[in-house]
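First chain A sits with chain B, and in the next complex the same chain sits with chain C.
Here is the complex of A and B:
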């Protein structure tokens, strides 16, 4: 038993673990953003809104169709992915040839529309979503009480994060994808349907946001504002990690979660700005981000 | 010829008085601006519902008072004090607004109080809780209607300390309102022989409370007091259940909760919570009847803030009617003189510091088994009489009290 600046080690371990849980949310969300930016060069401002849509789909499935958590875990990301496909096919596609700023503006507008629509329909206080029976209760770890559900969140997001990293960096499909971002014309010449691949990548990226939404539903209120609370931090994570770097997004997400957890112990008032302070420092020292490469 | 002259004179006199009657009401309309959060975390407890409540009060007067039409306008302050201040200034300077109503978020309300005090406009506060609004920052034109942090602290704090829960820890929203609520409750707890083990301040609009709750758990306190509101309280209560805080023997006290929060949490997560309320729709025939009308327009039962906006606007209009003018000094005097009597407040009265005294209620959230359906959420544990519910104006620090 030791203590650091008057904070006992038990409390510290507990906070570190909680930081890791929040960090895994950041990682999962920033992963989707990094995939979309890395492959499509689109700054997807609608990511937070689609995360919220994922949570709402889970709630709607439970309330109106009686489909529980495990079903939603599969169906909601698919639904959000399909929404993403439609957005990409009908709107985003037209903007690839113009400045990035247009993609940013379009997706920002879409985010406002999604949020406004859900707010109009369901109000801001949010809807309750129960923790699935299988994951109720928790474990006493000695230094803290860990709800089973939070443990599951860490495991699930780490599996998805590293699975995605592996698929993009270590498989043939991933190699095609990366090649298509470097030189779409050449890859197309090899007989690979690049436009379809790009659509699917966007769909996959936002499906990750939808998945994060389902994971978040039992912890937070399912509310139209849940995305906008989180999206700014997630953007900071992607910027710090290096725009488009997949490993960067995962590692930075977890790292910033930990850092934020520590801030909540030592100086809680600053807990919502610490991420941005780090971002400013990183941008000053290494403008491409921790894992990014200069282009 | 003579009779014609007489008739003409009579007509002119009549016209003259007519003009004069209207001249008492500035620009011939009584304009009330409902300024609140319409899109953020307080939008469900105030928001459009408060505007509906204000319109319902105006409709009871046939949308006309002292011979002039009543106009209700609305704006969103987005929980930002600077936006609230610039909107209030715009309304008063160029919009011809006679009274500003609601303004939840104490930081925003303090800004508006400064402006309405300078510009001599009536300020009908239903949403904000900071006691400074009827204390050190009081105004001859400012009226704090529905609740305040002292009432919350006195009601809930006293009830829990009397149950033997003497050691407190606070989870506080880090702005004017949260700090004031923590301070008031601390005073109450200490005066009754309790202690405060510590406090943690979180930013407004936090989604993850687990870190703060864990610190609260580690403090070994009997009670964790949530000195926050709206979405913050909802998330904190929900996550406290997840971390098994109440099962481990600590009590959770929502120091400011609204029926909209209970509705959002669901009874499963909210059951057993005890807190102080200024209004419950299911109290008697009058409240049920008004709330039914409100629900038809808004789709929800009213919160105490929304019901309070109705009561405050109605009392304001009654005072304009009685004073036959919208002149702020005369109306403010009438508001203090007339008793407040409506479905929200029985035998209510406005004190010199602008605090409206009415009965408060200590409520406990029903279990899912006790509830008969949607919005059947509260058991009224105790009625707290007006004179003990609120702070004695003499101790409020308001310079208007002699």
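Here is the complex of A and C:
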């Protein structure tokens, strides 16, 4: 047992672990936002609400259908992705030709509807979601105690993040996607069905949010408000990282989560606002964001 | 949207004759519209509940201030609740804890909102479009957390039982009608400032920036300064509205600094018509009426508000007044 600046190592590493977990969620959500923004030029304000829907789908599956965590881990993102497909096909699609701000306003309205509906149905208090049997317990790492489930969340989100990065930057499909982001008309002229690709991109982006929701369910309680506070921090993360790069979104998300954890150890009062302060500083020094480019 | 959109109808709708007049067309039209509005607003407290009307007026001023940015400079701020709610705390604190008179409290609220607007503006105008919206949203969330944690705001309780006091040491604001006419005067003053701004050379430059910023830059305008000034002006008036609301309801609470409040003012402006002078007033009146009506039913308010958002964005992006103006025959001007 040692201590750093009067802080015992257990507390320090405990908070860093929490920070890393928060950071994983920031990374997953800002990744989805960046993918959607790149293709649709829409800031998806409904992202936080769909993250909440993902967690609720998992909870509903468990409560009413007896489907456990592992089933939910597959089914909930698919369900959220399908919701996304429907939203894109019926509503968002009509707004591509007008100012991008309308996409933001539409998804904001959708976020209010989702949140309001779940709140009306299930109230504001959270519903507990049990940790799956396989991941109960924890490891003693010598300097700290690591609950298995938290370790799993970090590993799983890292795998998903880097998998997405690989799919977009290193595969043929990803190359189409990047090309369509640059110049949709030209790509369509080459015989690629861009409208379908746009729909699938939105579906995939929100499915990532749904997946984050399932991962979060056993850690935080499943509550209708879990998405709205998170999403604003994710917006700040996106402004800091810049939406230009996938890797930027991942690295910024994890880094800011860690920084938030550190702040909780040394100056807890500021932990809620540290991300916003960093955002202000980054805007002063490098307005395009750490990994971004002016557009 | 063109520069011809300055036609207006009084909120109460005092007949078709004044509705068809354009500001450019005749100064008497403006005078008629203003007189009609004042007549309706002046008599309204004898028909409707004054507290309800004061709420409408506070939100109408808030929405008009917001509209100055989105409608005339093309900047979507998603953080205006920070000015509205932040100023409400300042007004409530100075009046209740420091014993300031209401006019000084409102002045302090406006000045603090202007300062906050300067800080937000300096940061946010470094980015454009949707980034601007996200930055203002994030900064206002910071104000929310400050309001939650700072000791003087009393966290979840807010500042309660704020005395209304004597305006200029003469008028007793605890009388509902005195309070109402004070709020009306504040609204008319704020609206006049916005009207003057929109119809000044400064307002024309703002519209030029909204339509085509690179072109405005190439014409030699330092667009950042124009945008910043518009932002500060909008924030100050939003602060004035928030401070007034705190005095009227004798309460400053967390509700007014949440991002939902920022969204609500966007909705009021969108519903009434962005870039029209009277649109936000109509939008604010409708939303406040709807909310007080819904409060008596079991329907969840956010769902209804969200549906209106979706319908507005998909079906009538010009808003109520905007659609009316678009359907009216154009008069030479």
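FYI, the second predicted complex is superposed on the first by the 284 of 295 C-alpha atoms of A that agree within 3 Å, B and C clash if a C-alpha of one lies under 4 Å from a C-alpha of the other, contacts with A are read in each partner's own complex, and residues count from 1 in each chain.
Going forward, contacts are C-beta pairs under 8 Å (C-beta built on N, C-alpha and C of every residue); 3 or more make two chains touch, one makes a residue touch a chain.
This is a predicted model, so every value here is computed, not measured.
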Joint occupancy of chain A by chain B and chain C, clash or fit: clash
Partner chain in contact with A:138 - chain B first, chain C second, else both or neither: first
First (chain B), second (chain C), both or neither touched by A:117: second
First, second, both or neither for A:91, with chain B first and chain C second: second
First, second, both or neither for A:272, with chain B first and chain C second: both
Clash with chain C (superposed arrangement) - responsible stretch of chain B out of 3-11, 39-47 or 111-119: 111-119
Chain A residues contacted in one complex by chain B, in the other by chain C: 119, 269, 272
Residue ranges of chain B in contact with chain A within the complex: 39-41, 43-45, 47, 174, 200-203, 205-208, 210-212, 214-215, 217-218, 230-231, 234-235, 238-239, 242-244, 248, 260-261, 263-266, 268-269, 300
Chain B contact footprint on chain A (complex, rising order): 8, 10-11, 14-15, 18-19, 21-22, 119, 123-128, 130-131, 137-138, 144-145, 147, 149-150, 219-221, 223, 225-226, 229-230, 261, 264-265, 268-269, 271-272
Chain A-touching residues of chain C, taken from the complex the two chains share: 76, 123, 126-127, 129-131, 133-135, 137-139, 141-142, 145-146, 148-149, 259-260, 263, 266, 270, 300-310, 312-314, 317
Touch list for chain A against partner chain C, complex: 43, 91, 94-95, 98, 100-102, 104-106, 108-117, 119-120, 228, 232-233, 235-236, 238-239, 269, 272-273, 275-277, 279-280, 283-284, 287-288
